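Shared between the two complexes below is subunit A, which pairs with subunit B and subunit C, respectively.
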Partner chain A sequence: MTSELVEKLKSGLKGNITVISDDGVNDVVVLSDKKLIKSAAELIKGTHDILFMLTIVDRNPNFELNYLFSNYRNKNIIILRVNITQDDYKIDTVSKVFPSADWEEREAYDLFGIEFKGHPDLRRILLPEDWPGHPLRKDFEVTDDVRNWTGLDLKF
Partner chain B sequence: MNLESEEKNAADEFSYPGLGDVIFMKAEKFIETVLNWGRGWSLWPVTFGTSCCAIEMMTFGATKVDADRMGVLFVGDSPRQSDLILVSGTITKKMARRLINVYEQMPSPKYVVAVGACNISGGLYHDSYNTIAGIDRIMQVDVHIPGCPPRPEQFQDAVKVLRELIQKNKIERYDKRTS
Partner chain C sequence: MENRKGVILNIGPVHPATHGVLRLIADLEGDTIENIKVDIGFLHRGKEKLAEMRYFSNYYPIVDKLDYVSALQMEILFGSVVEKAAGITLPPRAVYIRMIMAEIQRIMSHLVFIGSFGMDVGNYTGFIWAFREREELMTIVESVSGGRLAPMYICNGGTFYDLPENFNQALTPVLDDIEKKINKDYRALFNDNNIFVMRTKGVGVINKSTVIENGITGPNMRAAGIKRDLRRDEPYLAYESMDFEIPTEESGDSYSRFIIRIKEIIESIKIIRQALKNIPTGPYKTSVPWLLKIPEKQTFVRQEVSKGEMAMYMVTNGGLTPYRLKIRSPTFFSLKMLEKILKGSKIADIVAVVASLDPVMGEVDR
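For the complex of A and B:
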């Protein structure tokens, strides 16, 4: 059993897709070019309703982004995997296509420092606005400066 | 401290300054003592609950360990009418500013009780990047309640200890914010 959506992605994105699994229930595809993320999201929008999770894996120094899409009718899942390299930690936002990506991308920006181009409101979501660094990166170390930072020398 | 003086202290625990002492006190001190006597019996708290210690704090206010009979009335929860702040729960770095914001709205004199391990030393999160490892770093605390989380009876005990400190004029500073 093959997935219609994966076939659609293959033809729509002109071979920039590597298929890992296409059983129609849990599809996993790898997108080779990060510039195509928005058009891939628009193709997925036809059959899947929500982006329910965005996970980041730190493969030092590269990052691996996993976009997990699902729908309400039959709970099929498609995982879209994109790698971004160390020369540029930037990727286009998909929050115009899937509104739930808004906060997911803010969290990724907050904890990993990945910049989402075209995001409507790219601020930190969990940490204070002036907090130094991105704590979930592998090369982040909890030093005494980080431990003793209270942020209270500022006016509020 | 030897045994005798400890026994003496224990005997003095609930005795207020005698009539002879009071007459020869300075007027200022006398007024302060009277005011502090009243303050000790009417500690209205701000319930600053951020995590699991807050559940025990609710139990402290509920029927079994009745806080009302000790003068700790959980009314309104407005910082502008309160004397005491019960900081119960982990204080993250983002929350620290909110805590100071609430604290500075309280009228003097104000007293601080730090509840639970997270507030005393950071507890489980002492090495975290986003936790204040002990609120002593950002404000001066009068009474600590150890435990993870502490029992409601310990709140009762803390209020008793705080009342003694107030009524014996042990807490002199009015605004205790340091940073």
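For the complex of A and C:
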């Protein structure tokens, strides 16, 4: 089942993928270019229903995005891995294809500062709107801005 | 919003009916909700960042406070991730102990739901009764682990202690008691109670396509008629050899979300009884060094906790701590739905719908 999907991705994306199957998790498909994410998500949409989780790993200075898709009919999952480099931390949103990605992308934007282009409502979700910095980045430091943050400037 | 005479109503974040610190901003037109926004994050404690600073064996007290009404299930989930990553196999007795504790915790969590749901729709007796039953199980958990709300019972490679000697004799009458009360007392208080049924039936309907679109899992999904349960579909621990049903309802309203939980309590009791009968003897843990080093890999584990499908994705790099730990919270996905399902309903229904989703903000905000 999953291997069919991998074949579909291979032909649909003209071979711009590498497949790692032995990674502790199920099939991991690595995309060579972040521009492919939207078309890859559209290809996955047929067999998988939801974006189960979006895990971002800070490989300083790059970021590794693991999109984990799941479905309601069986236990198959597929992981799509994309690397984004330091020239700009931007990637296309998949929330148009998978509505379940909406808040996951907002969380990623909040904690890592990755911008999802085309997201309908990209605001911070867990932290206050005026929080200085993105705390899950490895180079986040507790500066004076953080120490002296009071939250009093927030509009309520 | 030009000539509208509507009112913006702010509910929360410390309103008692919002189950912790959930904030809702409702745009009202008379008594009807035109638009509603959900604001979360008031209980954000940076647990994913804390994981990067702690040894694998020192993170258990932190996961306890993720979903603080089902702390043991959080511990079991984190334990499973570490054990899968480090390649530790559990002794069979530890597997059964964990399963029994997970089901006890599921009953306790669902009882909290029944209690707080009852209170939110004006049934205060339900609250007192549910917490009375929960207290009996709480005493059992205390006798096993020493803790009540945050037990700290699971450790890498098994559990910290064996079950106490008279565990079976103590647990059996409690289960019988709860089963009897669920079937008789609770039926009179909720199912046959016209006021309760009128407050909840047909309110906050989440249909099948909305569930699939938005990634809702757990009892909220089963109330919409999707038969799926990771305990059956992707068995972990010893659920494979257990005989139990997956209850489903068709209508997807607040009432069916309540009924699902009542039925799940009965199924959990069934599982515990079978497990107590078949529990093997032997060691309750394998010895695992306190400081673990896990080679570079990525580990994904998901389990059916009382709120739905919870998952952890751990990235390790050969060090003593996780390099990155991502926690997937099931209620995070359900709460997003509130904006959609509350639109057009009455203001008094907000409380009933929010309570029927069973949000525990500790797990949503992490």
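Quick note on the criterion: the second predicted complex is superposed on the first by the 145 of 156 C-alpha atoms of A that agree within 3 Å, B and C clash if a C-alpha of one lies under 4 Å from a C-alpha of the other, contacts with A are read in each partner's own complex, and residues count from 1 in each chain.
Here, a contact is a pair of C-beta atoms (placed from the backbone, for glycine too) under 8 Å apart; a residue touches a chain by one contact, two chains touch by 3 or more.
These figures come from a predicted structure and were not determined experimentally.
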When subunit B and subunit C are modelled together on subunit A, clash or fit: fit
Touched partner set for A:127, first subunit B, second subunit C, both or neither: both
Subunit B versus subunit C as contact partner of A:150, first or second or both or neither: first
Touching partner for A:142 - first (subunit B), second (subunit C), both, neither: first
Residue contacts on subunit A - larger count, subunit B or subunit C: C
Partner chain in contact with A:55 - subunit B first, subunit C second, else both or neither: second
Partner chain(s) touched by A:99 [first = subunit B, second = subunit C, both, neither]: second
Gap in Å between nearest CA atoms once subunit C and subunit B share a frame through chain A: 5
Shared contact residues on subunit A - subunit B and subunit C: 126-128, 135
Residue numbers on subunit B that touch subunit A, as the complex places them: 93-94, 96-97, 100-101, 127-130, 132-133, 137-138, 179
Residues of subunit A defined as touching subunit B within the complex: 126-128, 131, 135, 140, 142, 146-153, 156
Residue ranges of subunit C in contact with subunit A within the complex: 40-41, 44, 46, 48-49, 84-85, 212-215, 221, 226, 228, 230, 233-234, 297-300, 302, 309, 311, 313, 315, 323-324, 326, 328, 332-333, 336, 365-366
Subunit C partner contacts - residues on subunit A that touch it in the complex: 23-26, 49-53, 55-58, 66, 68, 72, 74-75, 77, 79, 99-100, 102-103, 111, 124-128, 135-136
